[in-house]
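A short worksheet on the structure shown next.
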Amino acid sequence: MLPFIKEAVTGLFSKPSTEAYPFKPVDAPAGYRGRIVFHADQCISCGMCERVCAGGAISTRSEETEEGTLITRRFFLGSCTFCGHCAAFCVKHAIELSPDYHMVARTEEELVVEGTYLKKKPAKKAEAAACGNAVEGESSVKPREDGLPVNDPAKCVYCTLCAKKCPAGALTVDRKEKTWVLDEDKCVACGTCAGICPKKAIIM
Amino acid sequence: MTYEIFKHFPVLAIMCYFLGAFIVTLAGKRRVLRNVVAGAVMLISLSLLLSLVVPVMVNGEIITYWMGNWEPVEGYAIGIAIEVDALSLFFGLLVAIAVALAGFYSFRYITQDDANGPFFTLFLMLSGGVMGIVLSGDLFNIYVMLEVMTFAAVGLTAFRTWNPNAREAAFKYLVVGSIGSTCVLLGTALVYGQCHTLNLAQISAMLPGNMNPTMIFAFAMLFTGFGCKSFMFPFHPIAADAHGAAPSSVSVLISGVFTKTGVYGIIRVSYFLFRTMGLSSMQTMLVFIGCLSMFVCVTMALNQHDFKRLLAFHSISQIGYILTALGLCSAIGIAGGLYHAINHTLFKGLLFLTAGAVLYATGTTYLDKLGGLARKMPQTAALFLVGAFSISGIPPFNGFASKWMIYQATFEKAAETGSIGYALVTVVCVVTSVLTLASFIKVGQSVFFGQLRPEYENVKETPLSMRIPMWIMAALCFLTGLFPDLMIKYLLGPATAAVLNTARYIDAAMGAGYAEATAYFDSYLAEPVLTFAGTWDPVSWLVLFVIIMCAVTLVSLAGKSGRGAVTLTDDAKHATFFGGEEAQYSHVASGDLFWGFKHNLRGYLGFMSRAHSGVTNDYVVWGVCAMAVITAYCFIFM
Amino acid sequence: MMLANYIGAVALIVIGFYAMIVKHDVIKIVIGMGLTDYGLNLMIVSIGFNEGGTAPIYTFGELTSGMYFVDPVPQALTLTSIVIGACVTAMALALCVRLYKEYGTLDSRRIRRLHG
Amino acid sequence: MFKKLIDNSAAKSPWLFHINAGSCNGCDIELVALLTPRYDVERLGFKLAGTPRHADIVVVTGPVTAQSKDRVLRTIAQVPDPKVIVTLGSCPRSCNVFRGSYSVVGPLDKYVPIDVSIAGCTPKPEAIIDGLALATQILKEKRGAK
Amino acid sequence: MEFLIKIVYILIFPGLLFSTVFGLWLAGIDRKVVARMQKRVGPPVLQPTYDFFKLLGKETIVPSSAARHTFLIAPYVGLVSLVVTALFIPIGGLQAFGGMADMVVILYLITIPSLAIIFGGSASASPFAGVGVSRSMVTIMAYELPLILVLLSVGRAAGGGLVTFSMEQVTLYQQLFGSFLLDWRLIPAALAMLLVIPCEVGAHPFDVGEAETEICEGPLVEYSGAPLAVFKLSHAIKMFIMTALFAALFLGGISTGMVWLDVVIALVICTAVTLVCMTLLHAITARLKVEQVFKFFWTVVSGLALVSLLLVWFVD
C-alpha cells in the first residue's frame, strides 16, 4: 500500500493530466474519421458508396427535371460506422471523412449530410455506333470522346468480371457468344470496369 | 401506623389472581363474562400494588404481613410472611403491569384457539405464582409458588393444540425446569436444616458469617435453581423452545416476568440470605455467567428463523445484561440491572405482542415466510420499531438508558478494582448490543419491510383491542427511557437501597434491633448515591431533536416552491427497480442477511447450532454440569 | 440410621439424574424426575427427624416435660413437595402421551423438532 | 425560497445512468473513459449513478434488442423527472449495422423521445462531453419549464 | 439572552446551518483532493452542494411496494439526530451542550443515521436494498468493537487513575496535560480511530453497504429527490461529526485562549483528518469485500485499539 501512498501524494502535487476540453478545443488526431463531407460536384452517381456502406447510412434520392436528374445523396451520421469504405471506394473522391468529431444533435436532421447535384442529360449520342464489336484490326480501339468505356476484343477474354463489377449494370458480357455490349444510357463512366479488367482490355 | 390498611394489600394482590383463576372457570363458555372477571382481577391487583408505591417507594415503609397472624415468637418466625420492601414491590409492579397488558391483549388474541376456556385459569395461576414469589417472605413459599408458576407455564406452553412444537417444548421445559426446582428445594431443605426457619428475614439475619460447607452447597443449589428459573446460560435452550411455542401473551409473561423471578431469587439469595455478593469471586462468577448468557444467546438469536424463538434467545441475552449488572455489586450496577429488568419486561413484552399480532394476522412467525407487512399493518410495524429500538439500545428509548447505566457500572467497577476484565465486560456488552440491533434489523427486514408476500395481500391490521396494550407498552418504553431521573428517584433508588439494606428488611419482619443483635449489620446504609462517569440527558436530547426537526420542517416548507413532487402510484415508473427486469417477488430476508459476519464466525456459529441439539438429555447434561460447576466454584472460592 | 437416610436420598437423586441424562426414553426421563423428587423428599424428612422424638401431635394427656417432637415443618414441606411431584409427573406423562401421538416415538433423540 | 438555487444547481450536477441495450461495448468503454483522469467529467459535476432513481441523464448505448427492449423502457421510466435521454453512438439512433437482425427491434426513438443523440461509432470522448453538456442544457430547460 | 444563545447554538453555529455547510464543504474537499491525488482536476469544492440542491428539485418517487411512511420519514430522522449529535461534540473547547451526552451516548447516537439508512432501505422493498441493509449492518458490527475499545482507552487515560466517559473531562484533561495524540500509549488507538472513521461514514474502502457498482447503492437504491438529498447531506455531516469526534478525543488540548481561534483550529484539524483517513484511503485502496471488512476490523483494528487499552491500563 505504501507505493500507492507515494503515488497519491505525488499526484496531489503534480499537474493534473486532464484535458481542459470543453474550454479548450481539441483536434482529432491525424487520420481520424469523423463527420462525412460530401463533394457533390465530384459525384458521378456510381452508387458504389451506397453499396459498400455496412450501416446503410447512405441513400439517394433522384428527381427528374428538365435539365437532367437532380440527384441528392444523403449521409445519415446516426447510422454511420465511420468505417471509411465509402470514401475508399469512391473513385472520384467525392466522399471525405473529416476529422470533425463534433456530431451532437438534438434532432435527427442535424445528423444528416446531404449533397445535391444535377446529372445532365447526355448532349448527344453521336458516336454511339462506333462501339460494339469493332473489327478494325488489332490495335484500332481508341478511347471514346464521351468517356464511356471501349472494349478491345483482341485482348478481352470475356471473363465477365467487368459486368459483375459495374455499379450501374450497364455491361452485358456473354462468354459463349463472345459479345461485350454496353448500355450507354445506363453507363455512368465510372471506370470501374477499366480498373478491374485483368487483361486491361477496356479503355476509357 | 397510618399505613395499617396497606398491610393487607400484598396478600390480596396475590389472592386476587388465584381466586380469579378459579372464578373464571365458572364463566364457562361465556366469553364476555370471562373477560370481565379476568380483567377485573388483573386491574384490582395492579391497583392494589400501585397504591403501595407511595408508602413503600416514597416513604420507605416495609410492609410485613403474617399469614394467619402467626407473628414471630421469641425471635423465631414460624408463620408464613408476606414481606414487601421496595425490591419486592418493584418486581411486583413489573409483574402486575405485564400481566394486565398481556391479559388484555389475550382477550382477543386467544379467540383463535379452540380451547380458550382454561386459558385464563392457567394465565392467572401463572400470574399469581409469580406475584407470590416476589412478594413472599418465606423461602418454602417461594418454592411452592415457583412450582405453581412452572406448572402453569408448562401448561400454557403446551396450550396451542395446533402448534406442532408445543408439546415438545413443554416437555423439555418441564424436564429441565425440574432440575431448577430440585435445586431450589434441596437448597431450601439444607437452609432449613441449618436455621430451622424458612423466613427470609430471619435466615438472612442468621446465615451470613456462619457459612459452613453445607451452607455453601445450599447457596450453590439455590443459586443454580433460581438461575435455572431465569434461564441463565446453560439453561437457555428450554427458554427458547418454550417462548417460541407458547401463545404470545404467555411468552410475554414467561420472558418478561417469569425470568425476573429467577433474577429476583438470585438477588434475594446472594444479596440477602447469604450476603455473598461482597466476595469478588461471587461477583466474577455472576458477571461471567451474565456475559456468557449475553453473548451466546445473542449469537444464537442471529441464527434463528422463527420470530418468537429469536425473541426468546434475546430474552436470555437481556437477562445476561441484568445478571452482569447485578454481579457488579455497586449501587449503580444494581440500579442499572433493575432498570434493565423493568425495561426488558416492557420492550420484550411489546416485541412478543407484535410477534403475536403477526401470528394473529398471518398465521405464522416463520421469518422466511413473512415480509412486507408494514404496508398492511403500519401500526404494528411502528410498535415493532419502538420495541426493536428499545432492545437494541437506541436513544432515547428505555433500553439505552439502562444499558448506559450498566456500561457506567462496569467501567467504574473496572477502575475501582483495577481489573481490565471489567472493561472487557463493557466491550462484551456493547458488542452484544450491536448484535442485538443486527438481529432486529433482520426481523424488521424479514417481517415488516421488504416485499409483501403475495399471499398476504389481504392481511389486515390487528384489532384495536390488541393494539391498545401494545401502544401502552410502547408509551411506557418511551417514557421510562425519557425520564431516567424520575425512575431512579421513585423506583430504582428505593429498590437499590432495599437491596443494599438487608438490615432494614430483617428489622421490619423480626422487630427493630433484631438485625443488629444477631449478625454483622452495623447500621442502616445511607441512601445509595449514584454517580456516573458520564452524562446522558434524554429530555434535552428530545428537546433538541424537536427543535431541529421543526427547523428542518420549516426550511423544507419554505423551499416548497422549488422542490420536486412526491409521487406514489402503481405504474411501471413506481415499480421496484430490478435492474430493468419486471418487478417480481424477491425478498432478501432471514438467512440471507449478515453473510459477512456469519462467514467469519462460521466455526463458532456452526458449533453452537450443533450444540443446541434439541435432545432433552443434552439439555439435562448442561443443567447438571452447570450445577456441578457452580457448586465446585463455590466450594473453591468461598 | 440417619446416615443411611441421607445416603439413600443422595443415591436416589443421583439415580434420578442418571436416568434423565442417559436414558433416551421419555418415560424413563419422567421416572428419573420422579426419583429425584423422592430422594429430595426423603432428605427433607430426614432433616426434620429427631432421634427419639414423638409425633408432633399436641394432646394434653400424654405430654410430659421430658418428651420432644420431631420437627413438624419438614413433614409439611415434604407433603407439599410430594403433591407437587405427583402433579409434575402427571403433567409430564400427559405430555408423553401427546408426544407419542405426534411423533410416533418416545425416543428423545427423535423428538427434536426444536433445535439450533 | 430556494427555487433559484435549485434551478441553478440543476445543470451543475447531472448524474448519469448508463443502459446497455445490446451494445458492442465500444461506446460503453468510451463512456467509462470519460471518468479517467484524462477526460475527468467529474470536474463538470457528472457522476455515474448506480440506479435510475438517482439519475438525471439516461445514456443508452446499443441497438435495442428484443431482449433488452422492455428492460430499457422500464428503466427509463423509472428515472425521476426532469430527465434527459441521450443516445450514445449510432446504434440506438438507427440500429446501425445491426439493422434488420432478427433480434433487433430498435431504434430507440420508436419507443421514447430522444433528447440528444451523439453520433459516432464510437464517438470520441470529447464528442460525448459535448453531448452531455447539451443534455445538461436541456435538463435546465426542463427544470425551468416546470 | 441565554435562550437566544442556545438557539444560535442549535440552529446556527455547531447546529443545523454550520454542520450542513461545513459537512458539504468537507465532502467537496474530499472529492476534490481525491481527484487531485488521482491526477484529475476534480469537481469544484461546491459540487456536493450543487448535488444537494439539484436532488431537492427532483421528483421523489415512492415505490409502489414500499412501506411509505418509513420510507419518507427515515431520512429526516437520520439527519436531525445527526445534527443533534453534532451539538454534543466539543469543537475546539466550545461545548454547545456538553453536559448532556457522553462518549457512549455519542457511540449510540451516531448509529441512528446508519439505522435510518438501513430502515429506509429496508422499507423500500428492493432486493438490492436488502443486500445493502445486510452489508451496512455488518459494517456497523465491524466498527463498533474497535470504537468502544478506543473510547474506553481514551476514557481511562482521561480519567487519571479512574475512568470517565465525559467529553468535557476528556477535553479538560487534554488542556491540562497535552493532547492524547502526543501520548505514545494512545497512538494505536488513534490509528484505529482513523480507520473506524471511514467505515462509520461509509467511505472507501469500507463502503460495501452502498457499493454503487455492485448493488446499485444498496439501501439508497429506490431513493430519489429530496429524501436522497437528505441522505447525501447526512453522509456529509457524518464526515464532519466523526472527524470532530476524533479532534475532540485525540487533539482536544489545543488552546489559544481565544474561543474562535480554537474553533478554527479544530475545524482545520477536522479537514486534515478527513484528508488523511478518508481522502488518502479512498485514493489508494479499492473496495473490500464485506467479510474482509469484518475480519479487518475485528482483528487488526480491534487489535490496535486493544493494545492501546492495555497500555493505558498497565503502563503509567
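Things to note:
Per-chain residue numbering starts at 1, and chain names A, B, C, D and E are given in the order in which the chains are listed.
Everything that follows uses one rule, which is that contacts are C-beta pairs under 8 Å (C-beta built on N, C-alpha and C of every residue); 3 or more make two chains touch, one makes a residue touch a chain.
Everything numeric in this text was worked out from a predicted model, so none of it was measured.
Touching chain D and chain E together: A, B. Graph distance from chain A to chain C, where chains that touch are one step apart, equals 3. With centres taken as mean C-alpha coordinates, the chain found closest to the middle of all protein C-alpha atoms is E. Farthest chain from chain A, judged by C-alpha centroids: C. For the pairs B-D and B-C, the count of C-beta pairs in contact is higher at B-C. The centroid of the Cα atoms in chain C and the matching centroid in chain E are 62 Å apart. Chain A and chain E have CA centres that are 65 Å apart. Averaged C-alpha coordinates put the centre of chain B at 34 Å from the centre of chain E. Per-chain CA centroids place chain A at a distance of 34 Å from chain D. Across the assembly, chain D contributes residues 2, 5-7, 37, 40, 43-44, 51, 53, 78, 80-81 that each touch 2 or more other chains. Shown for chain C are the residues in touch with two or more other chains, of which there are none. Looking at chain A, residues 16-18 sit in touch with two or more other chains. Annotation, chain-chain contacts: A-D, A-E, B-C, B-D, B-E, D-E (touch as defined at the top).
Of all residues in chain B, only 78, 140, 144, 147, 151, 154-155, 158, 164-165, 167-172, 174-175, 178-179, 181-182, 185-186, 188-190, 192-193, 196, 198, 240-241, 244-245, 303, 309, 609-610, 612-617, 620-621, 624 touch chain C in the complex they form.
Interface residues of chain E facing chain B in the complex, by the touch rule stated above, are 7, 10-11, 15-16, 56-70, 72, 76, 79-81, 83-84, 87, 97, 99-105, 107-109, 111-112, 115, 118-119, 122-131, 133-135, 137-138, 140-142, 144-145, 148-149, 152, 155-156, 159, 161-166, 208, 216, 221-222, 225-226, 289-291, 293-295, 298, 309-310, 313-314. Against chain D, the residues of chain E that register as touching in their complex are 31, 35, 38-44, 47, 49-54, 56-61, 128, 211-213, 215-217, 220-225, 228.
Interface residues of chain C facing chain B in the complex, by the touch rule stated above, are 13, 17, 20-24, 26, 29-30, 33, 36-37, 40, 43-44, 47, 71, 73-74, 77, 80-81, 84, 87-88, 91-92, 95-96, 98-99, 102-103, 108-109, 111-116.
Across the complex, chain D meets chain E through its residues 2, 5-10, 12-15, 37, 40, 42-45, 47-51, 53-54, 56, 78, 80-82, 143.
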